[in-house]
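Heads up, the next two complexes both have subunit A, just with different partners, subunit B and then subunit C.
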Partner chain A sequence: MPDVQALVNDFVNKLRKRKIEGSQATARHTAEFLRSVISQQRIPYTNQAGALIDSVKAVGEQLIAANPVELAVGNVVRRVLHIIREEDLSLTTAAIGDLNISDGSDDDENDRDDRPVLSAAALAAAARKTLRPPSLHTLLEDVPNATIVPLSSSGGDSEGKCKSADKSSRIRKLKHDVIEAVNELIQDIDTCHEQIAEQAVEHIHQNEVILTLGRSRTVMEFLCAAKEKKRSFRVFVAEGAPRYQGHVLAKELVARGLQTTVITDSAVFAMISRVNMVIVGAHAIMANGGLIAPVGLNMVALAAQRHAVPFVVVAGSHKLCPLYPHNPEVLLNELKSPSDLLDFGEFSDCLDFGSGNGEPQLHVVNPTFDYVPPNLVSLFITDTGGHNPSYMYRLIADYYSADDLVLQRKSAAGN
Partner chain B sequence: MVRRTSRAAEDADDLTHVPLQAILLADSFATKFRPITLERPKVLLPLVGIPMIDYSLEWLESAGVEEVFVFCCAHSKQVIQHLAKSQWLKNPDMAVTTIESHNSISAGDAMRVIYERNVIHGDFVLVTGDTVSNMSLAEALQEHKDRRKKDSNAVMTMVVKKSKPSPITHQSRLGTDELFVAINPDTKQLLSYEDNANPIDKSLLSDNSSISLRNNMQDCYIDICAPEVLSLFTDNFDYQHLRRDFLKGLLVDEITDYKIYTHEIHSSYAAKVENFRSYDTISKDIIHRWTYPLVPDVQYFGSSAVKLGRQGVYSASDIGLSSNAQIGPFTLIGKGTSVGSNSKVSNSIIGEGCKIGSNVSIEGSHIWNNVTIEDGCKLKHAILCDGVVMKARAVLEPGVILSFKVVIGKDFVVPAYSKVSLYEQPIFQDSDEELEYADSSNGMAEISSISASTGMPDGELVSRAAEASEVGADGAGYIWSVFEGREEEWRHSVAPISEDKLAELLQAADDVLDVPHVENHQHSEELVAPSIDPENLTDDNIDEFEKEVEATFQRAVQENIKDDNVVLEVNSLRLSYNMAAADCAGALFYSVMKLAVETPHSSISELLHNVTRLIRKWAKLLKYYLSSIDEEIEVILKFEEMCTESTKELSPLFTKVLQFLYEDVDLIQEEAILSWESEKMGADEVDRVFLKQAEPFIQWLKTAQEEDSEEEE
Partner chain C sequence: MWYRSPSFILDNQEQEKFLLRQQLDQQNDDVLNPPPPPSMSEISIQNPNPNISAYYQTRAAHHAVVTSDWLAQAQAAVSGGVTGEDTVEKVEEDDRVVEKGESVIEEFNSWRKQPDLAEAVAAIRALASVIRSSKATTMMELEIELKKASDSLKSWDATSISLTAACDLFMRYVTRTSALEYEDFNSARSRLMERAEKFGEISYKARRIISMLSQDFIFDGCTILVHGFSRVVLEVLKTAAQNKKSFRVFCTEGRPDRTGLRFSNEMAKLDVPVKLLIDSAVAYSMDEVDMVFVGADGVVESGGIINMMGTYQIALVAHSLNKPVYVAAESYKFARLYPLDQKDMAPALRPIDFGVPVPSKVEIEKSARDYTPPQYLTLLFTDLGVLTPSVVSDELIQLYL
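Up next, the complex of A and B:
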């Protein structure tokens, strides 16, 4: 499938070159891309779910490797895989139900046993259908295989025809259902801000002082939603060096009529005693309830803990990552260009490799993220409601299938 | 197929949308990277594991360039092969077309070839294939286009970046010379571009109301050009070098009035690999992430995965590190490389598939792919190309370049700044030629030597390699001799400038500071000797001359030297001090008077007696010099000066001596006294003391004169 491969290369390039910025945009693009991969995937006669899973997995691996820092890519890939498994399971159980109904009628013909050859062929086809997919083994363990084999073996000529029609409709149905479900996922990603923002009034009360750091769209929508519900409160915005996204947020908040105060990051501890609640966004939520968030947030979390200020994290469910931060495959951080911090021209004399021993005395480190341990987080607000950090593993079990957690193991072994 | 579609698309909306085009010169037309460039073109040399041209192309693509023409000259096949292999020729977002030419020997020729192809339709970006940048072109392009709308003569916008040159070596951190530019701070127009401290043309200052002179700019060699630039190259067929000929040509050309503007970038990065020093510097900038996102761990190039650890250590996935190997800061270790026990690596870049033994020390070096370094070797600030083998305990001193497949023998020490290659140094390249054609004709030389080298079968190579034992008993390779008269190696070397060299330079810098004093001194001396202009005489000289004359006179008195001989002596003094005759008269008179004063005397009358006696005695000598009124006035002035300053005891005798000089010895004429009087009339009260004293005498002179004239009547 050269078309799919070209598409994959294109998207991988985009991810690799960091042309898609932000978790939400990345998640959306990934989901849309996987949808097109699924729709273009030619489904074999048998083992449709297995084929889909394999192809999505193969593509997913490449996507994750292209930008390992953006955990949302892996999250969406795993979500899609989970969707395929779920849809397949529901279809299979439905089919089993159908077959069980026809089982009774078949039993009478079974005794006649007039076409043993044909029935053998049917049996083989049925066996292929149900037994072939190795990756579905675990999934189908609960399904009573033994009941399927005898009933298909009894299938007559007309029965066989009927069944093949049923099968092709099932193939189409699986693909259709999966695409439907992926569409739902995309919609979820699109609307996560609104769903989170809906809960704003329950958390922000009259005359409160809210502190946030940097800029997160989720936080912005959350605050504005509370404002629209006639809550009057004040916001402290820590500017979020070195990219100073806080300035942008302050502008947006003021435009919506919120009383806003901009402070430096280093003033957070001084101000925290006057703050009623810290509300921040995150880059990713890890399986242990820890947080990968813009640099500086760990300090804010520690300050909040010191003064017993609730530390609330708002994040869409696409940011929920089923991996643990101690997993060596998880790339926690990315170092950006030092030019954010200081002016190259001003410091070029400190970076002259031509004198001294050839190594500069000046090193500049510009990390993007902080890790905030789960014990510093009071509450997570996702599109499904508020959760404790210790509840995260449960949410993850809802969204992801345990088989998909380690996608990269295969690639590591392959290399 | 892709190209056809893109061209079709281009034709379709030709009127509305002009695709942004770029010319990438995949040849530097220079020999700075020899001997490596004998075997591989410069643009394919790996910079932190990635060929340089990939950096340039990636940047062009991310900057939104839609069509790139890659101009290949030397090793064009290798360049085209590389482009084909790395999918650039099939890139859907940016059409890459190669233009091959084998008889271009300079950037100017390349531009002329491209002009003939008639492929450039609008403004284009001109870069070389060794540019590393992450800047966004949008702003610079917009500025360029806006300017073009207002003034069609604004043909070029040049990208510059602030970067301070070293105060000691006067070279930039990229190893190039200090750059002096003059920019109009309001319009950003480039007014002057000099890479040495030539004095700025004075007319610049008079023509421009404001001008900013900068020496902390670095030329990024990224130009946004109007299509006219190509035709300019064609019109001026002698333009070779983009900067030296073209840019400076436009700046001094007053007829065509083409203008060049600058665009300064601040937070983004741009630099060109020009020599080994900049190769090293830019590599380290990449490792230090100034070029983000063009850094090894962001897999921009689709290369193998590299992870960034603490302290800037980049390591690929499957490397074999011994448990006690020390991998220092800012180091990259490529895929499949193994490092033995107790080896130390710091500030270095090690490519793929290298085998590094134990107890090896590697510092600040660039090691490309598949290099073998056996136990106990020591490397400092060296470049090792693909396939180099260093046998056990070999040592590379700073600045060594080992070209492809060189073998360094056991225990061999390669001296600092050596360049070792399997190929012998081309003989046609004597130092004169090197100097003369350094940047213009070596493209040709490159081609001829390449065809020779590529045509050479492997067997021959091996046999030649076996012969070459300049690098140890079991080594292979020729050490290239360093050209005399060429710029010192240390400037452009991959190694940092050594301590003693820096100390030497500091000393030299101090000397330079001293020179102005010395020069000033010489200057004044020079002025004295040849100049006839008496205005330039300094008081020191007159004093010295007077002393000499006095000494001569005294000698004459003591030794009874004849007048004639004294005249000879005084004349020679006069010539050597470049004095006028008046000065001689003054000095002589001074000497006589001094002698008179110094002769013991008890009263004023006795002194007067001495004076008259001595004057009478030397009257003949004095007369010799008092040939005109001027000298006589000088003598009177001198006498007056003596009376007021040095020998005050003479002052009461002023009028009497004056009268004596006039009447008795006839040394001074009436006119001289009168003109002295008229000269002094306008002076201060203090200065007129002697005038008053002499007034009766002068009055008498005047009446005598009148009487004379009456008598005549």
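Up next, the complex of A and C:
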């Protein structure tokens, strides 16, 4: 498929050159891109889901490698893989129901299975378990090895006996269902702001003082939603050096008629005692409930904890990442250009490589992200509601299937 | 101002007097009329040596570098136990009364003697032998028999957490597995037996999974503090060494079992730089440490762990210096316990050799393990994946609801 590979290269280049930035935009683009990959994928007659999963996985690995810091890419790839698995499962369970009726007459089908044929319900139950993460339930029965192999082979083989018209309709059905579900995912990513903003009135009360840092669209819509519901409150905006996105946010908030105060990042500790709640956005939420967030937020979180101010994080579910952070300060960070901090013209003599021992005297480090440990976060507000940091793994278990985590992890380690 | 009451001293004195009186009574009794032969079930159900927990004996035999003095003691204890069991067996054969509870314990003991076998595996194999020898013809009968066997196994050694957890897990499997409902009795029975036989494999696989999962967390140039001798932790570090990671290991000495000596020995075999610390040097060296790695005897419902004595204080020190504490434990060690504090569980007693005679009036703390609450643990590496402590209770609730 040369055309798909060209598309992949194009998208990878965009990611690599940071033409697409921000987790929502990246998530959306990735989902749309994967949808086009799926729709162009030719599907073999047997093991269609396997072929789809393989191709999505192969593309996904390239995308993740293009920008490993943008965790939303990996999240969406895993979500799409999970969708394919689920759709395949719902189709096979339906098909097995049909198969089982014809099973009695089909003698060689029985011969091939060395064990007595279980009922369709039992098989479906076993298959459903593979989608879930491993648990104590399944510890004693190794389902993935024993039950699933005969399941897929019986599905694939007996299908060969069916009429070809029936078959092609099933293939189209799987692809159609998957694309439908991916469309839903894209819609979810688009509308996550509104769903989060709906909950704003429950959290923001009259005459409260809210502190935020930098600019996050989710936070902006959250605050505006509360304003629209006739809540009057005051917002402190820390400017979010070095990109000063807080200035932009302050402008937007004032345009919507909110009382806004701009403070420097270093003034957070001075102001925190007057604040009732800290509401911030995030870059990604890790599986342990920790947070990858714009730089400076760890300081805000520590200040909030010191003064027992609730630290609330608003984030769409596409930011939920099933990985555990290990050494996040280094591995999940990105160093941006020093031009954000310093003017090259003024500092050019300090940055001169020619002077002294060939190394500039002045170094500039401009990290993009902070890691906020889970114990500093009071509440996560996602499109499905408010959750405790320790509950994040549960959401992750719902959105992703366990097989994909491990595979991605291996590929990530290889890169 | 409230002062602590001196009741503990008075209580002790009372108890001593009571014991003394009892001994005297017994002696008088012995003179007057010889003691009746103890009934069969009592002997075998009770631990042969109540002062040393059976759980601890196996552990010591498997892992510990044992002092010669203690070896003699242990041998005396074991030989006493064995002869007791032998006689029981003979009497049993004579009377042709086959008590399920007793045979399962023997089976369990023979399995647990194998040094590379986890206690849970021994328990499940013992239960499998019950299924094999059972003459039950329905699932219900088999279940009842198994329940009896597992109860007697549990009560025989209440101190072993993974034994209890494994028995519970297997019973749950027998009663709850949906696949069993669709089969006839004989195939269900053989399926159960097959699963039980394979459990050793599962346990081995679990260790492999755990060591794979934890590789990401061991970075080049890190220093790892290890407490106790855990097979899983050893496997984790072995894999890391095989993956050419360069790291350094600190081992606590692990008095009085000297588990650290054996662990450091294993590390030296792998060419990993290793340093031995005395147990009291943990806080002193903690600033050099990047992470703490411990195993677990049992993971309890709160997400905390029960592990070798000293784990709690190491976790406290690590927590106060902001170092992550990682626990490597197989998921069959998840137990339905909820200890509220250190004394809220059956203590596993062990002998402690101080090298010099200790006056009889001096009390000795003999418990072999302590409870580390979940807030001091960072992550648990299990074969179910990397978990935060709060996930453990969720898993257990899902299984036993």
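FYI, the second predicted complex is superposed on the first by the 336 of 415 C-alpha atoms of A that agree within 3 Å, B and C clash if a C-alpha of one lies under 4 Å from a C-alpha of the other, contacts with A are read in each partner's own complex, and residues count from 1 in each chain.
Criterion: a residue touches a chain if its C-beta (ideal position, glycine included) is under 8 Å from a C-beta of that chain, and two chains touch if they have at least 3 such contacts.
A quick note: this is a predicted structure, and the numbers were derived from the prediction, not measured.
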Partner chain(s) touched by A:Ser337 [first = subunit B, second = subunit C, both, neither]: first
First, second, both or neither for A:Asp10, with subunit B first and subunit C second: first
Contacts of A:Glu228 with subunit B and subunit C, given as first, second, both or neither: neither
Contacts of A:Glu180 with subunit B and subunit C, given as first, second, both or neither: neither
Partner chain in contact with A:Gly358 - subunit B first, subunit C second, else both or neither: first
Partner chain(s) touched by A:Tyr393 [first = subunit B, second = subunit C, both, neither]: second
First (subunit B), second (subunit C), both or neither touched by A:Glu194: neither
Common interface residues of subunit A - those touching subunit B in one complex and subunit C in the other: none
Of subunit A, residues touching subunit C in the complex: 116, 118-119, 122, 125-126, 133-137, 139-142, 147, 287-289, 324, 326-327, 374, 390-391, 393-394, 402, 405, 409, 413
Residues on subunit A engaged by subunit B in the complex (per definition of touch): 10, 13, 16-18, 65-66, 331, 334-340, 343-346, 348-349, 351-360, 363-364, 366, 412, 415
Parts of subunit B lying in touch with subunit A, wherever the complex brings them together: 58, 62, 92, 134, 161-164, 166, 168-169, 171, 173, 175, 216, 266-269, 277, 280-281, 284-285, 288-293, 297-300, 302, 305, 307-308, 312, 317-318, 329-330, 346-347, 363-364, 381, 495-497, 502
Residues of subunit C touching subunit A in the complex: 169-170, 173, 176-179, 181-183, 187, 195, 198-199, 202, 215-217, 219, 331-332, 334, 379, 383-388, 390-391, 394-396, 398-399
